[in-house]
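Naming follows writing order (A, B, C, D, E and F), and every chain is counted from residue 1.
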Amino acid sequence: MEKYVWQHMRRDEIAEMRDHGAVVIVPVGSIEQHGAHLPVDVDIFMAQTVALAAAQALAPDVPVLVAPPVWTGVSPHHMHFTGTLTLSVDTFSQVLRDIVTCMWRHGFRHILLLNGHGGNDQTMKAATLQLGAEGIEVAATTYWDLAAAELAELVEGERKKVGHACEIETSMMLYLRQELVDMSTAVKDLGIPPTRLPTGGAVYFWPVFDPGTTGVAGDPTLATAEKGKAFLDAITKNLAEFIRTFHKTHIP
Amino acid sequence: MEKYVWQHMRRDEIAEMRDHGAVVIVPVGSIEQHGAHLPVDVDIFMAQTVALAAAQALAPDVPVLVAPPVWTGVSPHHMHFTGTLTLSVDTFSQVLRDIVTCMWRHGFRHILLLNGHGGNDQTMKAATLQLGAEGIEVAATTYWDLAAAELAELVEGERKKVGHACEIETSMMLYLRQELVDMSTAVKDLGIPPTRLPTGGAVYFWPVFDPGTTGVAGDPTLATAEKGKAFLDAITKNLAEFIRTFHKTHIP
Amino acid sequence: MEKYVWQHMRRDEIAEMRDHGAVVIVPVGSIEQHGAHLPVDVDIFMAQTVALAAAQALAPDVPVLVAPPVWTGVSPHHMHFTGTLTLSVDTFSQVLRDIVTCMWRHGFRHILLLNGHGGNDQTMKAATLQLGAEGIEVAATTYWDLAAAELAELVEGERKKVGHACEIETSMMLYLRQELVDMSTAVKDLGIPPTRLPTGGAVYFWPVFDPGTTGVAGDPTLATAEKGKAFLDAITKNLAEFIRTFHKTHIP
Amino acid sequence: MEKYVWQHMRRDEIAEMRDHGAVVIVPVGSIEQHGAHLPVDVDIFMAQTVALAAAQALAPDVPVLVAPPVWTGVSPHHMHFTGTLTLSVDTFSQVLRDIVTCMWRHGFRHILLLNGHGGNDQTMKAATLQLGAEGIEVAATTYWDLAAAELAELVEGERKKVGHACEIETSMMLYLRQELVDMSTAVKDLGIPPTRLPTGGAVYFWPVFDPGTTGVAGDPTLATAEKGKAFLDAITKNLAEFIRTFHKTHIP
Amino acid sequence: MEKYVWQHMRRDEIAEMRDHGAVVIVPVGSIEQHGAHLPVDVDIFMAQTVALAAAQALAPDVPVLVAPPVWTGVSPHHMHFTGTLTLSVDTFSQVLRDIVTCMWRHGFRHILLLNGHGGNDQTMKAATLQLGAEGIEVAATTYWDLAAAELAELVEGERKKVGHACEIETSMMLYLRQELVDMSTAVKDLGIPPTRLPTGGAVYFWPVFDPGTTGVAGDPTLATAEKGKAFLDAITKNLAEFIRTFHKTHIP
Amino acid sequence: MEKYVWQHMRRDEIAEMRDHGAVVIVPVGSIEQHGAHLPVDVDIFMAQTVALAAAQALAPDVPVLVAPPVWTGVSPHHMHFTGTLTLSVDTFSQVLRDIVTCMWRHGFRHILLLNGHGGNDQTMKAATLQLGAEGIEVAATTYWDLAAAELAELVEGERKKVGHACEIETSMMLYLRQELVDMSTAVKDLGIPPTRLPTGGAVYFWPVFDPGTTGVAGDPTLATAEKGKAFLDAITKNLAEFIRTFHKTHIP
């Protein structure tokens, strides 16, 4: 039985984990269009999946709890496609702050927001700054940033990072949930980079996925389940490593 | 494959359901202490379970979509026990409004907020009033209100309604997820009624579940899996019936 | 001289009542269209009237203060008719919280929000939950819920509960303020139930009173001043009884 | 019968006034300590009283409606004394904006916020600026500013303006509601000016009425009912004059 | 070197000023159209200029710090002209509260908000009331109110007070920054008074500067650099005098 | 005369720039402690300086406007040191949104938020996402990200990026405003990295600059004015290049 899944545990079991100084991983993601070929929950599913994989990898050495998945992210730039459910930036920020504050009040001191949606990244991190202003310290990351080098090496196509419904995401979905993927509708699209502007990512400029576009940023046609496993292993390994360090870090 | 689970579908599949005038059920619940014997996700798990059961019962006659579960509810009165994760009333209201607004913008016109946590009920309904002020009409209910008469008849103990971690909830959990229930710690407690005041429920007065209390309102020791199935069947039947009617109701 | 009307008292008189452990009743209502035959202040006038009647009935046994009437309620669904003045749900909630917080800071511990407008009910109760999260405990009710059985028995028409500008409200207005009622324009309308959906009230779905409708829910043509007195007496008696109990309840 | 009192009218009566281009006066005030000798509702009572007096003086020439009294003002600086009920500055601003917006939506174009509490003045006027940003134009004043010269001439004591629980307010209360005034506890106090700083009012600096103080700013011992009538007449005359001009002003 | 300019100082220099009980002047203004002949920063430039002049005049007797200029004011009524940058009333209020709260937390007790834009005046003062509710006392003024008598005497034209892009403001700009002024486009316009209504300023009613208008309120054609110096000297002298008194006032 | 400084221009001059499709650079920074040796305005001063330098470099080829400096940033983690003035994350976000919205309404389509404070980066970018949801597209960057490679090469010490009051910032200050720098108090401190955790920056975890620390992150003792010029030139060159591209990019 999974004894690291917050929502499946009883109050005393969670309290016991707190007493053991458990690290809490909060999967954060979104429900949004993911090209024509992927289901809308890729981002939150992946964040939850790597969180659980890391927890499993660390047990029983390092006590870890995986919080219920926060799928209510910010994706206004995907609203032209049906299926996207987005909060405003303000509501999303408040949701994260309310949840983390509860954990802090219960006595947890090692809390990691583990994000799976690019659009959430900035707001999530801004929320942690505000929490800090209230004396609550929390770590935050987007999962692929933990294995940027490894992913870049494993990727076959031109786009070496996670885009949207891309080679990396599609591969992992093929490995984990092939039945929800429709590869016949997967298309390559490098035309919508994470930013429209040629500055190598230094300038932030949100591309809106307009109705006429593919809703894809990357090349999902190169995806295979095999690569998916490799991507997943790299991410899990690095996440587990970080958790191990985080667990040993003193948070006042 | 489940083709009524929003988050497992692709954008075009969801759009197709919209074109067929699908009803969307949004499970709403909470993560909060549920006595010593139940896991913390009872309320959202039950809301999601009955939503899925109704969707299944109605397929393929009535097109139904079950949205991702909104587990971020309001439970400040349970914060004395570890494991509770509560939003403020304001944040929770905004979460519901943001989600429903997205569905409305995508063209859905039959949206039902299906709640499984007593503490959410008032805020959820107030949110629908505000949505109405913006021209968005949405239905809302707490699942046990749909089968109040049937439940009262099936209950064995003194408390004929859902309390908290009570005979009804515990029975359904025994039927559905026995492995998460620890009946050895289940205790009867009729001392914390839904209101401290003897007015038959006419006056609303929140009981705070203080540290020294059991965190239970009802008699879980009477629970059986068999009764759990009966409760579940009654609720599912009535919910399905309502959805059938709702689907035929014209929403401008 | 009325020594239970908060706004007519001097600061030391109010402090003295606080020292005697007085119960504070806060009348809450709205200004909104009430059919063609009733003035727009029915809801707040009735809440204030029953509050004062109960205070009078209990004097000098039980110390009671009646706060100034909070007529700023939520009625967006009545905005199609001139005269309606509505707050947003958020503003209304904040008004109640600010007022109750002041009373609590002044040392009052028995505060009852006594509502006279159906549309306020949910938001008012949600506000008390949020106040509870801040350690402030407050009771809340809608006045007709205190005498549901008695009213149902006294009503002549099909609709046994308070609707809108209905037999009950119109009767009480005829009894109390006949000069403001124009019975020549009173019409029966059972077509707009409190919910459009046939689930016996289990599902909440706000009816918007559209321009072409009567703005009535019930049968005011059956109203008489005599019945009005009977309705009023039943409500006052039950409210007074509740206050007596509330006064004796320990609030920490 | 008073046909200029918004809350006592039926929806069609109000609509008729709108069709006649009626001016709406919204009395705005507060519930707050007013020295030991005056009831807590002086400010809202006075605003409402002069509004009604002006409406009466202008009838039937100029159509005027007096809105329900907005007694929920801002008085945090009076919270040290029991009886004060204050909103936050933000809530108060929102209340005014919501109410005025409803009137504007109903088609009224001549709306005057008539304030009777110094502490409200700035927030009220700031609210009108924000309404202007949304295309809603509304006038706002504090009633004594309309007759500053006349009041200064009529006052006997050193303080020539309205302070708090002062000669002017106490006189008008003696004239209008003697039974609520306890002159035996009235004390002169010029020690708490509207600002602590000797700049003739040019610099705004809120004096907090601390527990040890009198809660008075002015000399109520000089008050007489006779002077009260004179103050009232001067204010009413000037207000009526303004309304007459306002009514003729074109608001787009 | 200017040792009273907050932003040019190092953290320990500011702390030292705090230890000496320094008065902090916070210049508050706006960026908004100022007729065709003046740059858009007149209001914040003037507030900052008089603050610096007073600080210089008082040194080394009275320790004064001039905070960075808060140019983000409220000017929605000027948005019809290009160049205006306005916050909402709510945002502006929050900006002031956040800044003053920081200063208070650092130990400063003599803080003066010195405003140079009429449209800010009400919101700024309302913000200080809210700060007072949180125990933070702060003074606030609009600079020309400190020298109303002197200015009225020095003005040549009919309009004796500061209007907008008027004789006073234009004169001071000619004296201080002639190179930014284009007198060839300066026009007299008395048609847009601070209020449209003939009540001598007693009633507040925002004039919106519509596209077809001059955007001027007053007579800039009478402006001279010489008069500008006289205006400036009068204001600086009175401000310095106030600061001297403020510095000696005990703030608990 | 500088004809690219927004605040020094007249309304028609700004409108003319808009008609020429000018790019607007909005300098964004903060007022916060910068070690013992630097003044508190380094971040906003630097953002403004590089904006002006780029504007100058591009004139008259590319029309550029530099907006007034937004010095009201978020720095709660620096509040332990005197001089820091921080907004909350929410207020800061709203300030940016209000300002950009005004520019958009005036017709500007090429707006760049140019930030100089690490703590602002996330909130600024989250604000642009929300603006996008409202149809307003805006670019955002932190100035050193535009020249990361060049800076890393020029830096002498171990820390190759901008930290806080570090080699890069101190060098540029020595070059530009030596009179405000006190090198005698400059200390090297590599102990407070941008994140406490050894993950190469992949995980975000705000270090709070506690009272006992130096408030420095980097090695300012290596700073020279000469290096400052080199840093500045690299940044300016890259920023100008970006502006040139941005100006040619079509924004719908």
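One rule holds in what follows: a residue touches a chain if its C-beta (ideal position, glycine included) is under 8 Å from a C-beta of that chain, and two chains touch if they have at least 3 such contacts.
Owing to the predicted nature of the structure, the values given are computational and were not obtained by experimental measurement.
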Steps needed, at minimum, to go from chain B to chain D via contacts: 2
Intercentroid distance (Cα basis), chain F paired with chain A, Å: 29
Inter-chain centre distance, chain A versus chain C - centres from mean C-alpha coordinates, in Å: 48
Per-residue overlap in chain E, given as positions that touch at least 2 other chains: 79, 86, 88, 90
Overall pattern in which the protein chains touch one another (line/ring/star/complete/other): ring
Residues of chain E defined as touching chain D within the complex: 74, 76-77, 79, 86, 88-90, 93, 112, 119, 121-123, 125-130, 132-133, 137-141, 145-146, 148, 196-199, 202-206, 208, 242, 245-246, 249
In the complex, chain D residues that touch chain C: 1, 6-12, 14-15, 18, 31, 33-41, 44-45, 67-68, 70-72, 79, 81-88, 90-91, 94-95, 98-99, 102-103, 105-107, 179-180, 182, 185, 215
